[in-house]
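Submitted below is the structure of interest, expressed as structure tokens.
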Amino acid sequence: MKTLIKLDLDKKPWEQDGLIHNRWHPDLPMVAMVKPGDEFRVECMDWTGGQIGNNDSANDVRDVDLTQVHYLSGPIGVEGAEPGDLMVVEILDVGTLDDYQWGFNGLFAKENGGGFLTDHYPEARKSIWDFHGIYTTSRHIPNVKFAGIMHPGLIGCLPSRELLENWNAREAALIATDPDRVPALALPPNPQSAVMGRLTGEAAVAAAAEGARTVPPRDHGGNCDIKNLTKGSKVFFPVYVKDGGLSMGDLHFSQGDGEITFCGAIEMAGYLDIKVSLIKEGVKKYGIKNPIFQPSPLSPAYRDYLIFEGISVDEQGKQHYLDVHVAYRQACLNAIEYLKKFGYSGAQALSILGTAPVEGHISGIVDIPNACATLWLPTEIFDFDLKPNADGPSKIITGTTDMAFTS
Amino acid sequence: MKTLIKLDLDKKPWEQDGLIHNRWHPDLPMVAMVKPGDEFRVECMDWTGGQIGNNDSANDVRDVDLTQVHYLSGPIGVEGAEPGDLMVVEILDVGTLDDYQWGFNGLFAKENGGGFLTDHYPEARKSIWDFHGIYTTSRHIPNVKFAGIMHPGLIGCLPSRELLENWNAREAALIATDPDRVPALALPPNPQSAVMGRLTGEAAVAAAAEGARTVPPRDHGGNCDIKNLTKGSKVFFPVYVKDGGLSMGDLHFSQGDGEITFCGAIEMAGYLDIKVSLIKEGVKKYGIKNPIFQPSPLSPAYRDYLIFEGISVDEQGKQHYLDVHVAYRQACLNAIEYLKKFGYSGAQALSILGTAPVEGHISGIVDIPNACATLWLPTEIFDFDLKPNADGPSKIITGTTDMAFTS
Amino acid sequence: MKTLIKLDLDKKPWEQDGLIHNRWHPDLPMVAMVKPGDEFRVECMDWTGGQIGNNDSANDVRDVDLTQVHYLSGPIGVEGAEPGDLMVVEILDVGTLDDYQWGFNGLFAKENGGGFLTDHYPEARKSIWDFHGIYTTSRHIPNVKFAGIMHPGLIGCLPSRELLENWNAREAALIATDPDRVPALALPPNPQSAVMGRLTGEAAVAAAAEGARTVPPRDHGGNCDIKNLTKGSKVFFPVYVKDGGLSMGDLHFSQGDGEITFCGAIEMAGYLDIKVSLIKEGVKKYGIKNPIFQPSPLSPAYRDYLIFEGISVDEQGKQHYLDVHVAYRQACLNAIEYLKKFGYSGAQALSILGTAPVEGHISGIVDIPNACATLWLPTEIFDFDLKPNADGPSKIITGTTDMAFTS
Amino acid sequence: MKTLIKLDLDKKPWEQDGLIHNRWHPDLPMVAMVKPGDEFRVECMDWTGGQIGNNDSANDVRDVDLTQVHYLSGPIGVEGAEPGDLMVVEILDVGTLDDYQWGFNGLFAKENGGGFLTDHYPEARKSIWDFHGIYTTSRHIPNVKFAGIMHPGLIGCLPSRELLENWNAREAALIATDPDRVPALALPPNPQSAVMGRLTGEAAVAAAAEGARTVPPRDHGGNCDIKNLTKGSKVFFPVYVKDGGLSMGDLHFSQGDGEITFCGAIEMAGYLDIKVSLIKEGVKKYGIKNPIFQPSPLSPAYRDYLIFEGISVDEQGKQHYLDVHVAYRQACLNAIEYLKKFGYSGAQALSILGTAPVEGHISGIVDIPNACATLWLPTEIFDFDLKPNADGPSKIITGTTDMAFTS
């Protein structure tokens, strides 16, 4: 497999010969051109560009500079790609790098990032996960081992100018409804820490001022954090600019549906092997708005789940109207309470839900006023029997192990 | 298998010897008592109690009396069950009745029921599904055939008085925020059409006045519409009143995650074979708030999906904050547009998403401001190749078949 | 579903209005005619016609009259079927009968039937299995529970005269190589106990004298005992006579690959719902010799197996040449030894391998002189942890339960 | 992952610093020692040591020197391992080498190797398979693409002297029954081309004279060619000599059950990442004769199969007694005839069955006189619809592509 984008992980993201960018903008020059049918390798830094270390302190998570994220490799041009086409991306392989056989998961501090359960877990915490071939374990979370579903959290094509302006306008309108909120409702363009690939000088400054942040998933895909975009899957991306401009990064060794810890999945550096082709005028032919994809024949097949229900009544007992976000939060909180009965700390339980291949299903969404969401926790990942029985749970985790704290 | 609750489907729900009720109330008398370890059969009417016919007019869907729903069989008492216990319910089998080898799916009129996409599909429509052993097909939706995942849409234990009051209070508070909304935000207690089982006289009148409607899923489970509660699964229900009081109904031959058509899944009459046992004080032992369950080893294993993404930007382009409801709606609308390219009408496509074993995943829920939801459509249920290719879609469905209209 | 063949299980097989036969012969008259596209139900007796009882003695297994087996329902004619066509049979459903919620498994005595491990287990033994919806358990074999893969052990079309003569000739040649062997090498035509359906008088006597026994699978399918021919599967049978003549029986609630106990799987009475159609001249079009089939999307998906290897060196240490029969026997014996460490008797362990959904794989068949076969035992069917660990096995089965003996 | 055994693939097997051997003998010195709990990487040559090239001629297959095979990496000692222990080997990963992104499959000439269908396909032929991440395709076999289940074909511990003598004796007895057979019934010790690792001088000569050939699977495992020993699986090997002495090789990118082409699967060079531990006295504790193993949660999950039946009546119509070898051969021949209807040559079809993840099941093995074997061919690996329909097959493969011939 030819390596199209080769990085030096001892260097900073902005020292990688322009192969990396961290904003979406139509003016970013292609760093390489390929032909339809080509297969090639793309190396990627972890999403923070190396800010988080393999150690036992959560200080780096607490102090992370989020204006930098996400560092993406690309954009790559495909000869003949034009707006309105579909770029077909086969993810042939996803792998780790020889000297980076570990990843991290964290809880952001509420003041710097936050997350799905930040009101319950407002302090920065961290777990480090070691890779053992297809499996992973963490010295911070005992009695758990699972096979990862490696995937890129973030992948997509460059937006057109028109699409970028649409993004910026609609997100600005949302921010304007509560501009002082912590965490913020959305992240507007921010030239601080912007890395604009091979764009230089005035053009780079101008693009940095209006380039979209990489955090949310959007029409083009982007940071979808879909755990099933793993090796063997095939994605159909809308093309918005000449040559397409495919960029990718934010590799995960494993993630649960929802990526509820935000920082994040098991985050890692690594590589993608991909094959690209085109469906000319595919957007119109198939009526495509967002990317669509086909899953892989090769993903860990867990069968034995314990499933937690949640409804859209919040922690304070307030009724919400068909709110799946609230319902899924309840399902997650229910699972955390359950896991605590076996001895896990709440933060450990939360980290398990963020990293292991849990599934989050939208089960019922029409039975007013309650949405029903379900969290599917694979029981095979634990080395003890997690299922309920007449005797009640045993306190299995009795040691002093916990996720790393700040100091 | 001993039949504990036997119905006569030629009679009305209120003529079934008190075996049926359609409101939740702690005073409902047990219609039968069983022992832990017992196995027995419970027959159930369809959720509307026979209001919808096997014909080619949607008038009955348009005119359905929703004050009647859902007709439940029970409550069944388990000897020794006390508040704080977990009632363990093994769903040993779910089946159809010999003379009722069909089910219905519909779109409610916006003025009478509505639904997930009611702004897009405001008219009443109906499809009838014939059963062929494990498979189903519809004369109203060609080129589709699938194996059902039969399950009860609704099952749970009677609430305590305290829990009932909590339900009524929190839902009333929601209604008060927009009392004239169509469709309503929630359904308050309504004595009209209330069927109170074996409760009679003054007690029945009083209970009907405060009994909770059966529509939403709540703390006790209830109308969860979880498509995976199929034969072979095992559910752990909190017990709130002496003897437990297990009721069930709203049987589905098949349903997609979300039951997005509201009327509903493939709705049917049928039976459940169940086994009950108890975990004494299980609520406290395991920290249970909502029911939890284990899935079945026996469910249709579709592998080849086409997956549609949706983000929380609505049809008008407005940005919402991490709203999974909006995101899943977009994913569904994207799938409908795609299916229309092959010749399906929008209503047909919507009915497929409501009835077939589609999965709805909460894929990303932390990447502000966009939630990302995915709709997984199994491609094997179509008798043509649904996947994208370079040539574009073929218009397969060329006939005049469509879902039943109102007249 | 219309019942095409309805039996009275209180009567003997030969008292069923000619709906049953137990020999293969081209002259058997059709008991019913259907059209391509028809769906219908066929009821079946258990393969012995009711010789084995739901009790705790193995005397009936010891004394079984094997000249009677197998009792088949049919033959059913399909309008337009001609020799050279493929008859497409969709198995829409397989079910139990209300008053027969149990099945049997046995070890035949070596002198009367024998079996795969008859040299190791020469005595008649029996286990009774109770059905609980999709699950089964046995009072004779504790700590085991599994979901059945219900299927017909025997199904196929009537042979032509030419084919019948070929069968009789080739099997007679085999018998002639060791005519006095116990058990016999094969079973020649035997008019004793022959039930010839609606064939009467001289014709019946003549056909009984040459009709093929139903025991072996042959070119037409027949007694294939393929555990995966379950509800939802689709089989393509060669047609040899006008109208086809489809017969079926020997229903199993569950069986392991190989049906190594011979008597047999979990044997039961029950029904099949099937749909038939034709591929005209399909035998030539597709080059078909034996039936082919497609499996069901709905079958119990066990994931966690313990796999036993066997090679073609027999119990006496003698080397055989690529003999899969010997290799699979070793794999089975290895599994039995393993199960005995947990407290099962050898007969119980053997019965588990014959009834549970174990898989038997031909793993390696070219590495002279040893074939390698593997037996896949699903660990989820046990209610204790069967997997090896550093501490060694616990003796879980400590009671006096065992398979029924003869008296 | 620390690389314990590092090879130079530009050199010959016997130039690898003694890290490679091709005979089994108890005197082979350990090439490295590890501790229980250690994880490490082992590189392996392809089984022929580089005799087969990535080209379009089958001459190398015709002329292969089979006295050389199989080249194994090891033996590796585990501290504390003693005879009677079980060595637990977790296969953490299996991978390809950067510069060797291809593998080969061949049919041996009947005079030099032969194989399962050598009477039908007696000429040497070859197909080359290119790797694309998890997928493989062959320029010699169009319209087929599948995800590999990478695994070691051969792995096991050194035999004791007593065990070695047993092997040699029983195999010699078999050979003696037909010493001049072509192909031979078994392969006796042969010093020609023997590579004895780090054994030198007289000791090496003596060991080569009696060392067991590596071709057959035996009591210790060895060349089992079990396609499911893939990354994520866990094997329990009996230990026969001090330190155990684990050796491995014969890596396959993919293989069908039976490895019916003998040369072989998709053969490749590559690496294994493994973790070792011990169960002291595990052989006795668990009653182990042959290795047992647990499969991986991560293997390609094909769902849609076309299944071919075969019975133990051979190509000449001769009846065999419960002979699974004959039955599986018929199932394979049936599948080949079917594939030819779509335009494949017989050799291409055979190569597909040898390389793709087909399953071979021992379906019925007690229904005298016919064994029933089934071959499960996954239909998803073809880019056209392989299933039967009323119109008959289309001749899809119309080009002149074929497997490489000899010249």
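Chains: A, B, C and D, in written order; residue numbering restarts at 1 for each.
Quick note on the criterion: contacts are C-beta pairs under 8 Å (C-beta built on N, C-alpha and C of every residue); 3 or more make two chains touch, one makes a residue touch a chain.
The structure displayed is predicted, hence computed values, not measured ones.
Asker: By mean C-alpha position, what chain is farthest away from subunit C?
Answerer: Most remote chain from subunit C, centroid-wise, comes out as A.
Asker: Give the pair among A-D, A-C or C-D whose set of contact pairs overlaps with that of B-D by over half, matching residues by number.
Answerer: A-C
Asker: I'd like to verify one number: the distance from the centre of subunit A to the centre of subunit C, where each centre is the average of its C-alpha atoms, in whole angstrom.
Answerer: Subunit A and subunit C have C-alpha centres separated by 51 Å.
Asker: What is the distance in Å between the mean C-alpha positions of subunit A and subunit B?
Answerer: 32
Asker: Measuring centre to centre with CA averages, how many angstrom lie between subunit B and subunit C?
Answerer: 39
Asker: Give me the residues of subunit D that touch two or more other chains.
Answerer: 297, 301-304, 380
Asker: Provide the residue numbers of subunit B that touch subunit C in the complex, in ascending order.
Answerer: Checking each residue of subunit B against subunit C gives 1, 39, 91-93, 98, 101, 132-135, 147, 231-232, 273, 275, 296-302, 380.
Asker: Quick one: which bits of subunit B touch subunit A in the complex? Just the residue numbers, please.
Answerer: Going through subunit B, the ones touching subunit A are 86, 88, 115-116, 166, 170-171, 173-174, 183-187, 215-219, 221, 223-228, 236, 257-262, 264, 277-282, 285-295, 297, 303-311, 313, 317-325, 328, 330-331, 334, 337-338, 340-341, 359-374, 376, 387-390, 392-393.
Asker: Flag every residue of subunit B that touches subunit D in the complex, lowest number first.
Answerer: Going by the criterion above, the answer is residues 301-304, 380, 385.
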